[in-house]
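Please read through the structure below; I'll follow up with questions.
Per-chain numbering from 1; labels A, B, C, D and E assigned in written order.
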Amino acid sequence: MFQLSHFKGGLVLDGHKKISTSSAIKPAILPARLTVPLQQHIGHTPELLVQLGDQVLKGQCIAKATDGISASIHAPSSGRVSAIDEQAVAHPSGLKALCVTIETDGKEQWCEPSALKQNYRDSSNQQLLNIISDAGIVGLGGATFPTAIKLQSCEPATINTLIINGAECEPYISCDDMLMRERAKDIVLGIQILQQVLAAKQTVIVVEDNKPQAIQSLQQALQKQAIDNIDVITIPTRYPTGGEKQLIKVVTGKEVPANGLPADIGILCQNVATAYSVYRAVYLDQPLISRIVTVTGDAINEPANFEVLIGTPMNELIAQAGGYTANIGGLVMGGPMMGFSLPNDTLPVTKACNCLLTRVTEDTRQIPAQACIRCGECAEVCPANLLPQQLYWYSSSKNFDRAQDLHLFDCIECGCCSAVCPSHIPLVQYYRFAKTEIWAQEKERKKSDNARQRHEFREARIAREKAERDEKLRLKKELLAKKKIEEEGQQAAVDPKKAVIEAALARVKAKKDNTTEKPKNTDNLTPQQQQKIAEADQRRQQKDNKDEAT
Amino acid sequence: MSADYQKISQDGLWTNNVALVQLLGLCPLLAVTGTFINGLGLGLATLLTLILSNASVSAIRHWVRPEIRIPVFVLIIASIVTIIEMLMHAWVPGLYNILGIFIPLIVTNCSIIARAESFAAKNPVLPSVIDGFMMGAGFLLVLVVLGGLRELIGFGTLLDHSYLMFGETARSWTLSFADGYRGFLLAVLPPGAFIGLGLLIAGKNYIELRKTKHQTVKLQPVIENSSTA
Amino acid sequence: MNRQVLITALVLTLFAAIGGGLVSYTEQSTASQIRVNDKMMLLHSLKSLLPAQRYDNDLASSAISIAPHQLLGTTKTSRAYSATKNTDTVAFIFNVIANNGYNGKIYLLIGVYTDGSIAGVRVVRHKETPGLGDAIDENRSSWILNFNQHSLSSLTEKQWKVKRDGGYFDQFTGATITPRAVVNAVHNTLLYYQQHKAVLLQATTKPVSPKE
Amino acid sequence: MITALLILSILAAVFGLILGYSSIRFKVEGDPIVDQIDAILPQTQCGQCTYPGCRPYATAIANGEAPINQCPPGGEATILQLADLLGVEPLELNPENGEESGPTVALIDEENCIGCTLCIQACPVDAIFGAAKQMHTIISDECTGCDLCLPPCPVDCIDMVPVKSETTNWKWSMPVSNDSTPKAK
Amino acid sequence: MQFNSATSSPHMMRDDGISQLMLQLLFALTPGAIAMFYFFGWGVVFNLIVAISTALIAEAAVLRLRQREIKNTLLDLSAVVTACLLALALPPLAPWWLTLVATLFAILLGKHLYGGLGFNPFNPAMVGYVVVMISFPREMTFWLLPSTINPAALGFIDSFNLTFFSQLPAAMSWDSISSATLLDGIKNHLSQGHLLSSIDTNQQLGNLFGKLAGNGWEWINLCYLAGGLWLFKNRIIDWRIPLGLISSLSLLSLLFYLIDSEQYLSPSTHLLSGGIMLAAFFIATDPVSASTTPRGRIIFGAGIGVFIYIIRQWGGYPDGIAFAVLLMNMAAPLIDYYTVPAAFGKRDQS
């Protein structure tokens, strides 16, 4: 049915998957403390719903998605909110971010089921989307883009092909593999919901040929339920086939236009784990509060897959997997090609955490980079068909314009180029550096444009005010001159000195009466600024109150 | 005033050297510096042109309207160069034959119009003449050094063909260094000129760098003294 | 406004006139010297081909026109100069082009005594490889002097070749083409002289205007 | 000879007429390059370049009166862009004008603010609001970090704090380069 | 537990580095070098020794001067590769100082003046070659007859004296030892107005010509070809540059050969004489100075082929590989600029 195609470049890598697939998915223990970061997805931080000391139930929404791109966050277990503060999170920067810490009570008490409890087939698309949105489901393949938004963003009935991504091309990671092996039926149910929402004409589950058991169990599940509008496609194992655009190219032979979305060519991709989460949300009314995490690598004693509550500290998970071997050298969240190394193992598991990869000391030592000899090996393997070494050249010399001309932003950071570089140049880091630098410059430019406008506005205002003042002064002078003539005519008896003092006193009084003078420059404000002003006013009020109180 | 002249001289000979810093007039510079004497000949011709053109441009600077400034300068320079060319043809024909096209090409040597524009057109006659002399001398110096270097490396001789300029008595001036030296043609060929000029520029930059380093080192104790005082 | 434009034009004209005037004055005052120089240059190279005691005429003014000829390698009318002593013609100097040099034409001056032997050969202009083919230049090596005194009778037809081709003359290491071309050109000139000797001798006995 | 002179003179006259006419007819006013330079400058209006604002500095650069290395807030990036635009060699930032530091914003210690409005008058981009005898507040999104509000404050209640590094504005650093990596041109 | 997290992904890197690449390159050069030694004697070995030692010393010295790390840079073997390519391109009877000057220029001018490995716009070996080519044209003709037909083949001692002391063996002159290469000979032959078909009757040239493309040379080139194919098999070099070079040279020579087989050499002679295979697989493929885009590499190789043919046929030098390579080195950035491949998803757009 499908004429398989292939993408240019890529690598055939050693899978290392068997390490973690020998045992079934294990449920992870309930930790005493769950640290749930509010920002676990691409987009805006959701709005906090709980306060310090609140009792929460398992599955209770603790942060609600804002407008635009955002996703809700739920309590992974029941307990008490013991802290709402900045905690170290799993991010390449190692910086802190706002987290809700829950001290679990061990009761695992679920919150009230929602009102909607009917067969999904009777539900409208909007109802289903609401369920998916309320469940805080995000793409679990790694991008963590809110799923409901992705589903909503495509025009109705424009999706010809729904591709369920079970490729899982990165070495070591096996969470999707295990999920497909053990919960194929649930995945298929989830897919059917997606099918209904999208009204997709055809649906395929794509799995790399190094996961025969997963393929088999998926096919069995489809047969058992006599589903004939979903196909399982086996594709050759090649990194990075699991990349959305590469996968589409392999399955359909079509290239997603650069700067475009798969939806533009009538295709939508969802990860198998995402489909499974959709099933859980719709059938079981369970939001996304746990995920399968592969704990693997060469420096762990009992590698396996675990079903882990979001917010679980990684070290507890590691301990459950038998702990590190003696030569532990590093910990990576994600796969060896695209994951990032973690500064320590006490960070919480998030929705994006598909794998914890332990690395032995020998592998973590830095090979010093040598000069680029322009061998072109990187260009050979680049799946985005870019010229990595020229991008490197321009990124390292901060010639960002030229880097963008060479399509820097089409780079998917798959790491193939770095992996094959004989000079061991950390190419991907150069691209990441250039990308973040360009974003920052763009922001900077917007800010400076804004500053220029405000500066010009201010100059104009000062000029205007000066002109007004001069005009007033002129009028006053004229008036005075007139008065003088009059006074001279009248031969005034009033002491002029006294008059001056009196006038000054009057001015002071007038000023006193007018203490609540309107602040300057409050015209042309954005809503955000107004909000800030309001906040400041509030603080001012509080301060005044305090002053009064004391 | 004397400090001014010192600055003009320093500019022309070193800090703002036509060939090493401004990189002007490279075409004749690279083409004729095969030997010391060739360099000297063209250098003198350029020097003379620079002095005369600077002097005349400076003398007439008040009468020339801006819109015809350039044409007038070009006219002056072209006239001077043509006259010099004829004089050379008449009195040093040997050298004239060797330098050939590069004498009329002095007209297009950007350094001359650049000096006219940037200095002579804004300054009185005397400083302009000094400036012309110093700039020309700086150029001459580079021509001679490069010519000498290329001749030395390329042929193993120095001052060969001096008779073209100084008459028959100069035939014996030729210095020959290693006997049986096979010659290193690269130095005499155009690429050698480029490499040689590059090395001269590098050498100049190196000296400057050393100088500034030296200065900062020198400055250090002064600061220390002041702080302890 | 019109006045301004006129002044501009006037100033420029003035400078053009002054500049032009100076140039033309110099030109007039140096013209004679330049003519003398050019003649001296020519004489200098002609003189180097003949020992001074062998002739007593003004070589530069003795030019005769030679029709283009294959043996001289010429395609246009060229000049030859005749040397005389006591009104007897003693030698001719030909402008010869060797067309088969390594990098194109080699321009030669070849002096031939009336008895058909070589007085001297000089390279006027060439583009041969520096350091290799340019050994034909007198400034570089004395190879070119090897031709002196040789004639069609002193060497056989076969000997008028470079050694590599079985002839009499050396080639220089690594370069055969250039010496071969020069030897060939000298040989051809002798042949030409042999064929046109009578005409040439006749031409010089009549007064020939040096300007032709 | 005379003809040559005549022709030369006539040519000169003709071209002189053309030039004289053109100089009046095609006079160019204004200078678009100033706008381009101004667009590159960071618009902090801080005056560290010794000019009273970004635009005056841009004008000075365009007139060749100021070198391109006097803008500490813009730093190396700005100098590179200016060098690129003007086709000149990039220079090191002139230390006399200050050092390139990370972006900062002003923060008013609201406990100590006496509401004197002096800082409001100093702010070049109207990023401080408040009224006499009332506590002032910085609109941090608008603050360019120019430091100009510091000197006028009579109670030293304004601090310059670095812009907070968050996961959203965090930047990857350039890898520690081996010694042969080219320097920025 | 705390970890060092300074690294960016990917966390897998290849184990081998530049030095392994260079080592394989050197390995692939050996068959050709052995063939050269077989046909041209000890001079080849002396050239290699002088070039390699000069290159290493010069590189170490300049690294020290530039205050760079020395040991690892020397160990990347790029200087050795440059030296070997240069030594194999120079005439076997080249005096030691010629090889020394060429290598010095290659390392200093060709490589380090531009910033060292990775930054040189020109192929260093060819820079060195061209410097001595235009400076010492006489010495650059010091080739000799292949040993198979050379009645006066030199022994070790004679070669040693010749290379290092410029001492000719007793009773021998330069002209009796040195001989024009085939290409030079044919150029002479043609310039005398002879036809190619008369080569066989020319005793000396006929001898040189061998079976296919010059006695000895055909085997040397086949050895280089074998080494090159091995490199290609091991993915050390890109196939595009050799392909472009060989095909453009074959096409051009075939075209002219078909027009007039008496004036223009056959494609097989062109391909297997001189240093074509060395150039195609080892010199033109130097990635630093070559074009880097896929299409660009084909153009780059083809350009070299075209220039080689032009220089061979109509230029002043018998062979033009060095000039052709340098000319295309110069054009490489331009080629790269205009042959940027369409990024993923950009193919349908302009």
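To be clear about the criterion, a residue touches a chain if its C-beta (ideal position, glycine included) is under 8 Å from a C-beta of that chain, and two chains touch if they have at least 3 such contacts.
From a predicted model like this one, the values you see are computed outputs, not experimental measurements.
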Number of steps on the shortest touching-chain route linking chain C and chain D: 1
Dominant chain pairing [most C-beta pairs in contact]: A-E
Chain of greatest Cα-centre distance to chain C: A
Whole-Å gap between the CA centroids of chain A and chain B: 65
Length of the line joining the C-alpha centres of chain A and chain E, rounded to whole Å: 54
Whole-Å gap between the CA centroids of chain B and chain C: 36
Geometric centre distance via CA averages, chain D-chain B, whole Å: 39
Junction residues of chain A - those touching two or more other chains: 92, 368, 370-371, 426, 429, 432
Contacts with 2+ other chains: residues of chain E: 8, 116-119, 134-137
Shared interface positions of chain C, touching two or more other chains: 4, 7-8, 11-12, 15-16, 19-20, 27, 130-131
Complex contacts: residues of chain A adjacent to chain E: 7-8, 13, 92, 94, 171, 245, 249, 255-260, 315, 324, 328-332, 334, 336-345, 357, 359, 363-364, 366-368, 370-376, 379, 383-387, 389-390, 406-407, 410, 413, 415-416, 418-424, 426, 428-429, 432
Touching residues on chain B, where the partner in the complex is chain C: 60, 63-65, 67-68, 71-72, 75-76, 78-79, 82-83, 86-87, 89-91, 93, 97, 183, 185, 188-189
For the chain C and chain E complex, residues of the former touching the latter: 100, 102-103, 129-132, 163-164, 172-177, 180
Interfacial residue positions of chain E with respect to chain B in the complex: 101, 109, 131, 134-137
Chain C - residues contacting chain D, complex: 1, 4-13, 15-17, 19-21, 24, 27-28
